[in-house]
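Labels run A, B and C following the written order; every chain starts at residue 1.
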Amino acid sequence: MASLSRRHLLTASSALALFAQAGRPTLAAEAPKRGGTLSVILQPEPVTLTPAANTAQPTQVVAGNIFDGLVYYDSNLAPQPSLAERWEVAADGRSITFHLRPGVKWHDGQPFSAADVKWSLENVWKTINPRDKPLFENVTSVATPDDATVTLTLSAPSLPILSVLNGVGAPILPKHLYEGTDVLNNPLNNKPVGTGPFVFKEWKRGEYVLLERNPNYWDAGKPYIDKLIFRVIPDAGARAAAIEKGEIQYAPFNPVPFRDLERLAALPALKVETRGYEWLSSLFYLDFNVEAPYLKDVRVRQAIAHAIDRDALARVVWFGYAKPAISPIPSTVTTFFDPTVPVYAFDVKKAETLLDEAGFKRGADGARFAVTHDFLPYGDDFRRTGEFLKQSLKRVGIEVTLRAQDSAAFIKRVYGDRDFDISSSYNAAFPDPQIGVVREYWSGWLGTKTPWTNGSGYRSAAVDRLIQDAAIRPDQAARIADFKQFQQRVQRDLPTLPLLELKFSTVHAANLKGLAGQGDQVYASLKNVCFDDAAKVN
Amino acid sequence: MRRYLKRSMFQIVFVILGIAIINFFLLHLAPGDAAQVMAGEAGSATPEYMAALRRQFGLDQPLGMQFLHYMANVLTLNLGFSFRQGMPVAQLLLQRLPATLLLMTTAITFAATVGGTLGFLAARQAGRITDTIISAVALLFYATPVFWIGLVLMVVFSVLLDWLPVSGMASIEAGHTGLAYGADVARHLVLPAVTLGLFYLAIYTRLMRASMLDVYGQDFIRTARAKGVRPHRIAVRHVLRNALLPIVTTLGVQLGSVLGGAILVETVFAWPGLGRLAFEALFARDLNLLMGILLCSSIVVVVVNLLVDLAYTVLDPRIELS
Amino acid sequence: MLLLDVAPPAPALRTPRNGLFIRLLRRPSGVSGLLLLALILAMAASANLFYPGDPLDMVGEALLWPGADPAFPLGTDMLGRDLASGIFHGARVSLLIAAVATAVSVVIGTAAGALAGYYGKRIDAGLMRVTELFQTIPPFLFALTIVAILQPSIPTITAAIGITAWPGLARLVRAEVLKLRHGELVQASIALGASDARIILLHILPNTLAPIIVSTSILVASAILTESSLAFLGLGDPNVVSWGGMVGAGREVLRTDWYVATVPGIAIVAVVLALNLLGDAINDVLSAKDRP
């Protein structure tokens, strides 16, 4: 009978799934259809395709398909086997051992081995990768007793390492192609060779990146899609049109303006997905230049915090695709988040009182003082947030002059010359605040003029100590306690004002399956994805 | 004639040098440098990375040294390397030049022929309803922002009617070659060329109309009419020929601005042209790439101006080339 | 006007200036152009009367359609700002930018073109090289660069547009001047011993008015549109409301709430229409009464 044989098929396939690695995301009940070309939005165009020194979004989106990592992160942000089948962390945190999967090959046919991991650690993660450098600082030696085992020995524990081990977090490059070359300028960076489910085919600048199915992929049977085309479409309206027409079937990271998102979500042929970003946990914040004349006083900064209605901001400017934030660690990072931090509720009266106390009374024309706001030049959402800020502060007597500029001028102004009052930016918090959050507050960055670090100019010995302590503690509970204290302090001092936890969305064709299942899906490969009708097979 | 050409060569060199100097100082006056852009785009950076970038781009040298190095490259026609795009500039230019030329020549041909014809008609029917309608429609096309027209055309013809593709130059998924590829590109060319063309069309319509009306007001036309020459013959043989001078000038100006004029259209339709590339080069403070594009542009402009000057002598024998 | 120095003056019924204005009013295009322009100027002048306060204030619910709420006859944008207030106040900004930028372009362009065309030889060569220099750098890109260097604000945008838009006009004027320079009128004037300045100002320039006027109306429209394009690319002045900025901001909701970009767009079309009608009428009047 039909139903019996179907149940048979179900049982068989689930048995197969159990036989394979544990913890893999289970697919739809029917066997996935093979074939097809998947067109993806790539916005903006990346500078390079190798995440060795580049942690920007478009690079990661493409690289996640070409490079495998030691692990991937599931929806609960727990590491799951990828190139590493299993791993052990010593109790004192001073050694980590990875047992690698056998039989994996690079796209050029050479075998993948522990030597590649060792080389990548020593020449990429510890040196040129800005995210990994501080995390792998304490690794004193890497041992490879055999081709499938890698053991890291650390002078002091570095637990955050376990949160950055995926393909883009700790990219493993082929030693045999990179050894002896200048890694940053190796032409292979734009024609990458990895072990992942898709092989690089072509990059036509200004137009597209073409990847093709890896026939020798270690995860047998995958990927299901034959070709991946990443298309560069600079205009948001054109992107919306392309998605609506079906010319694009997968578009992560808010490809279209919010209003269009609502409209596209209502179409039967499209779906909007908000899962897959859990690994990132992006947070949007304002940097106050604590050396600027008016913002020196913490009461002024707290007054500004009270003057902004975050709920209205999330609703009006971000169309509900954001949640008011109260701490630099977003609420989605549940392990470390401290909900008891000092909260600055929307209270115009309180704001005015604080400003009066700080000595800035209203003048004859109603204004107390004037500041400038340099908003992040990465899109209209940030500009509109700036306009919202201008209106909010006007109400309490602070005149805000908005300054528009391109990103080169913005970086020079905010991080180079520090010629600003209030700036805006966003960053990813990751599952461990050591990876991204602390960059905003650690005083060691001051004077280096490095973009996206400590924009406010904050200097607190106590906070520095908390950060440095947490970096090397072997005991996670103690680290959590450190970070809870960290949040209390920085939210009291308020050099930076966390505004919103951003909720990114992906728009995709309704017949595209296999998209949810990983916490780092947007930066991972599309190997589990398939079209569940035959129409798309090329 | 030979002296004129020799002097023209001289002048090309002058223009190129002038452009090179302006380019250098403009990009150095603009706040922020290429290293800051790349570090910013990388999403995160380290001081060592930025220092390495500066060394690579030669930005750590004193300004005078950078200028001499740059001028030496220009004089030897060494276009250099674009770090932002990761390719030699010459290669990048060759890659994008065909797309740009295709878009611009199609758009301008469409605009000049259709616009010129409409302007001719409007002048012949001056003061009557045809004239009003043509002028109003031309005006409408001119006054509406190019990106608005582009997006509306895209929505109507691509999304709602599904006659044409949304953006890009070709459908890579289909993998066409040869004639099929040509047809595919042609289909992708329609919307961007028309969008751009509609903008220029208004200019040609109005200019042709104004120019023809201007000539109509002159004595020799009155004479011809008094002689009994038919109106149609007057329009074509006498008025048109003399009215063409400003048209030719404008054509020259537009052909010259070929490379920059299409920035918006190329952005909306994701057309891989030099206009958008120049815009990206500016934002990335990519000195070499911007110089390369401006060099291309300058050669085109000077050559076109030369041709325009020669055309003047043909159209009006009273004009001598000094 | 054309034949003042060569033919005996015709009995003067009116002076050229008055005659021009009156003759303009006789034409439907002249009347409509003047009326429309007057209306728009009145709008700009009365902005503070009808809409006191800052057009940037978020006063209503976001994305209200025109007519949905009588308090906001033209609706609101995505931040709840009154579009009608924006149109009135934006008129000032956009017209100011356009007027000043065009004035700058016309002065530079006409001067360069006239001098080049009249004197020829070295002066022509020199001026034409400079023109080519400015022409080679694509005007929009040039304006972008200047705004990027100087940071976007009304004065910088105006300056950028003004100093990048004149090459076309210069070449047009030069072409016309070249034509006239070798024509009978000028030869006769030179023979009569008129000074260069007199010839240029009294005989040549008035005859080049037709292309200058047409170009002026094109330049004004172009200035408004360039400002809008700069806003589209993220480099408009964020502290004021201009029509171009409104169109640029409205493009994000073009599919769903198309009135946000269209209402200011219509305003732009209206002002360009007015200027062109006026330009047409002036052109018609100046090029005499001959009709085909």
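Following the convention adopted for this analysis, a contact is a pair of C-beta atoms (placed from the backbone, for glycine too) under 8 Å apart; a residue touches a chain by one contact, two chains touch by 3 or more.
Note that this is a predicted model, so its numbers are computed, not measured.
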Pair of chains joined by more contacts [C-beta pairs], A-C or A-B: A-B
Core chain by centroid distance, with centroids computed from Cα atoms only: B
Most distant chain from chain B, judged by the mean position of its C-alpha atoms: A
Gap in Å, rounded to a whole number, between the CA centres of chain C and chain B: 21
Euclidean distance of C-alpha centroids - chain A vs chain B, Å: 40
Chain A and chain C, separation of their C-alpha mean positions in angstrom: 48
Junction residues of chain C - those touching two or more other chains: 148, 151, 251, 254-255
Multi-chain contact residues (two or more partners), chain A: 237, 405-406, 409
Multi-partner residues of chain B (each touching 2 or more other chains): 30-31, 147, 151, 155, 267, 282-283
Chain B contact footprint on chain A (complex, rising order): 37, 39, 47-48, 53-57, 128, 130-131, 133, 184-185, 187, 189-190, 204-208, 210, 227, 229, 231-235, 237-238, 241-242, 244-245, 247, 405-413, 415-416, 439, 448-453, 538
Touch list for chain C against partner chain A, complex: 56-58, 62-63, 78-80, 148, 151-152, 234-239, 249, 251-257
Touch list for chain B against partner chain C, complex: 7, 11, 14-15, 18-19, 22-23, 26-27, 29-31, 123-124, 126-127, 135-136, 139-140, 142-148, 151-152, 155, 203, 206-207, 210-211, 213-214, 216-217, 221-222, 231, 234-235, 245-246, 249-250, 252-253, 256-257, 259-261, 263-264, 267, 275, 278-279, 282-283, 294, 297-298, 301-302, 305, 312, 316, 318-320, 322
Residues of chain B touching chain A in the complex: 30-34, 36-50, 52, 56, 84-87, 92, 95-96, 147, 151, 154-155, 158-159, 162, 165-169, 172-173, 267-270, 272, 276-277, 282-285
Chain C partner contacts - residues on chain A that touch it in the complex: 236-237, 240, 257, 259-260, 262-263, 316-317, 377, 380, 383-384, 386-388, 390-391, 394, 401-406, 409
